[in-house]
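You will see chain A twice below: alongside chain B first, and alongside chain C after that.
Showing the complex of A and B:
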């Protein structure tokens, strides 16, 4: 059994695990309220992805830089205050681009500051050996992974549930308006989760088969 | 000792899953025939499309899961027929197909297929259609109207008496006509007399146990009697509540699904009462006039809890009896 290629794949996939193999929404089940409740149209998903990236990347970088130097009890306060400042900044940035979407998102924009993905990454880089470079890579990849997942879910729900893409009507014979409500979001996330886990296993199996063609 | 584990339904009689399903299919076909008499060929076409969609999707899911297809498993046919019969005869074919696909692909197979599903697939399929297309699902043609097999539906559509009750009014339908199914409603759920006969047949054949539909109907009737929505007496309220919508149909064909109902007789009674009360609560406070499939899905989620606590209760009784016997023996000695 030759596992050299599998180990090499796992070693290099560490850099993009936040995007694919540990996708925050589709594999790890983090930040689910956004994936289920907010992702009903592509515009909301893009606005939320920008806010998430603008909040997660600086906050995780900050956690990796000062996390070990501060007592734990104060870290949570500092990260939350810092992320809230970043959320306010990002909201000001996306407001001119999507004014109606910011209104529609309502409470979901402020709670980006305390979402599970952000808190998990902050705690990871506060307690482990701090590596600002890996923190930056992870924050970017997890933000991209979140954006990919939420945009995919939104695209499907908007296309099949409202027969529009980016607010523009598209031709589809049947309209599944039930996809716009939360239960459909949960079901869609569950199916995409299963699909991505299956794809992950297939890729790993293909890498293994490449170096072990005859071994069963 | 070798123990073989099999999924539900656990049948302890000579009958098999196939014979039980055959009984239900036979009765559903009778209702389908009555729907043909009331609404013409369109009703049969809706049933056929629904059954075909359910059966094909079930077969595809089984193949995708890498299992061997069992052609003696009639459960997708039952699911397809139930979905079709709780719909109006004018329902577009695409909605029936979507409901059947949802029932099989989303509700049945992700949990492990026949015998493993937590929720009733037919109820879930109907709920999906009701949420997505309420205007098509809750508007019914009048019996004996000529409905075209294809193309645009031009017949007059009207609401079910349950909608009148929801608005706080008194249905003007004659009770005898309602018993015979001669009023706008789901194409297989309006024939009250026939459905009651089906219930008696299934009880006589021991396909279902009386501990489930009887407490369900009794609790629904009790709530209707105590809190009538119509401005008349409790008896009239009970009659209209039980005969409108698909309450009776749901009690006979959906609620009694052996896979999603509890195992013990006492659990069945508790489950039936719970589902009956929930059905009436959904009718009184829910968004749709049709509440049975929603209530059944809600009650399905509590089946493991009911089974678990009921088992604990029975163990407690057994232990108490044993202790009592022991103490009597000691006294004798």
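Showing the complex of A and C:
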């Protein structure tokens, strides 16, 4: 059994694991409230993705720099307060771009500061061997992965549920209005989660099969 | 009497009709739905309820006094997160010096229980809706109890799902999200909504 290519694939995929193989929403099950509740139109998804990236990247970088120098319980307070300051700043920056969306997002904007993706990345880089470079790579990749997942879900819900894309009407014969409601968000996320897990397994199997064509 | 009935109704509404998990997906992550013992769920849920109540007690008057300076809700967000930090420090220090046995359990759990979207989200909803003091306290208690009950229901469903044959890709998290989605649909119907036509 030759696992060389599988190991090489896993080694290099470490850099983009946050985007695909450990996608925070579609594989790891982090930041799910946003994927379920907020992702009803593409504008909300983009506004939230900007806020998430603007909060996660600096906070995780801060965690990798100070995480080992302070007690964990003090770190938890510093990260949360810092991330809330970043959320408030990002919300003020995106307000001119999406004035109607920021109001519609309501409490989902401030809870970005306590989302599990952020807490998980901060605890990861506060513990053993923190590397600011890898923290930055992971923060960027997880933010991109979050943006990809939430934009995909929003696109599907907006297109099939409202027959619009980015607020512009598109021609589609059927309107599944129920897709705009919370429970449809749960069900759609569940199906996408299962689909991406299957795809991830299929890719690993294809890499393995490429190196071991004769093994049954 | 009116105040008491309003308080009790708010608790009931927060438990059922505005359940943190099923209607708003607050505090809903892989970590929380994989807590595997009812005792642990009740412990986690009661901590969250206590934190929500304590934060509501100190944050509501401050939010009321500072309402004139609140621009685009920024001050409110910072105020609530500040209050959560105060509660976190207080619980951490009190348990560390006076109840070390409890502190042992709280070491890893407390940050996740305090800095939780269910806690912050529910408190900010109560503040945004302009609830009075008593109603805010009722909403905080109801949200905490509702969250605990939701986790217990999810746990019960998980036990049954583990006994059934589920397609490979759906095993684990996807089937649990699907289960919560169906529960969410049931609550949506219970409230009296009709699906849009």
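We take it that the second predicted complex is superposed on the first by the 216 of 216 C-alpha atoms of A that agree within 3 Å, B and C clash if a C-alpha of one lies under 4 Å from a C-alpha of the other, contacts with A are read in each partner's own complex, and residues count from 1 in each chain.
The definition used in the following text is that a contact is a pair of C-beta atoms (placed from the backbone, for glycine too) under 8 Å apart; a residue touches a chain by one contact, two chains touch by 3 or more.
For clarity, every value in this text was computed on a predicted model and none was experimentally measured.
Asks: Per the contact definition in the header, classify A:33: touching chain B only (first), chain C only (second), both, or neither.
Replies: second
Asks: Scan A:114 for contacts with chain B and chain C and give back first, second, both or neither.
Replies: A:114 sits against chain C, while chain B stays out of touch.
Asks: Between chain B and chain C, which makes contact with more of the residues in chain A?
Replies: Counting residues of chain A touched by each partner, the higher count goes to C.
Asks: Of the partners chain B and chain C, which touch A:65 in the superposed model: first, second, both, neither?
Replies: In the superposition, A:65 contacts neither chain B nor chain C.
Asks: For A:177, decide between first (touching chain B), second (touching chain C), both and neither.
Replies: In the superposition, A:177 touches chain B and chain C alike.
Asks: Scan A:187 for contacts with chain B and chain C and give back first, second, both or neither.
Replies: both
Asks: Which partner does A:197 reach: the first (chain B), the second (chain C), both, or neither?
Replies: second
Asks: Just to be sure I follow: which residues of chain A are touched by chain B in one complex and then by chain C in the other one?
Replies: Shared contact residues on chain A (touching chain B in one complex, chain C in the other): 177-178, 181, 187, 190-191, 194.
Asks: How about chain C: which of its residues touch chain A in the complex?
Replies: Residue list for chain C touching chain A: 23-31, 72-74, 77-78, 80-82, 84-85, 88-89, 92, 110-112, 115-117, 119-121, 124-125, 128, 167-170, 173-175, 177-178, 180-182, 184-185, 188, 195-197.
Asks: Name, in rising order, each residue of chain B that touches chain A in their complex.
Replies: So the residues of chain B touching chain A come out as 94-95, 98, 106, 110, 128, 131-133.
Asks: Okay, in this complex, where on chain A does chain C touch?
Replies: 28-33, 36-37, 72-73, 76-77, 80-81, 84-85, 87-88, 91-92, 95, 106-108, 110-111, 113-116, 119, 177-178, 180-187, 189-191, 193-195, 197-198, 201
Asks: Over in the complex, which chain A residues touch chain B? Could you list them?
Replies: Touching chain B from chain A are residues 173-179, 181, 187, 190-191, 194.
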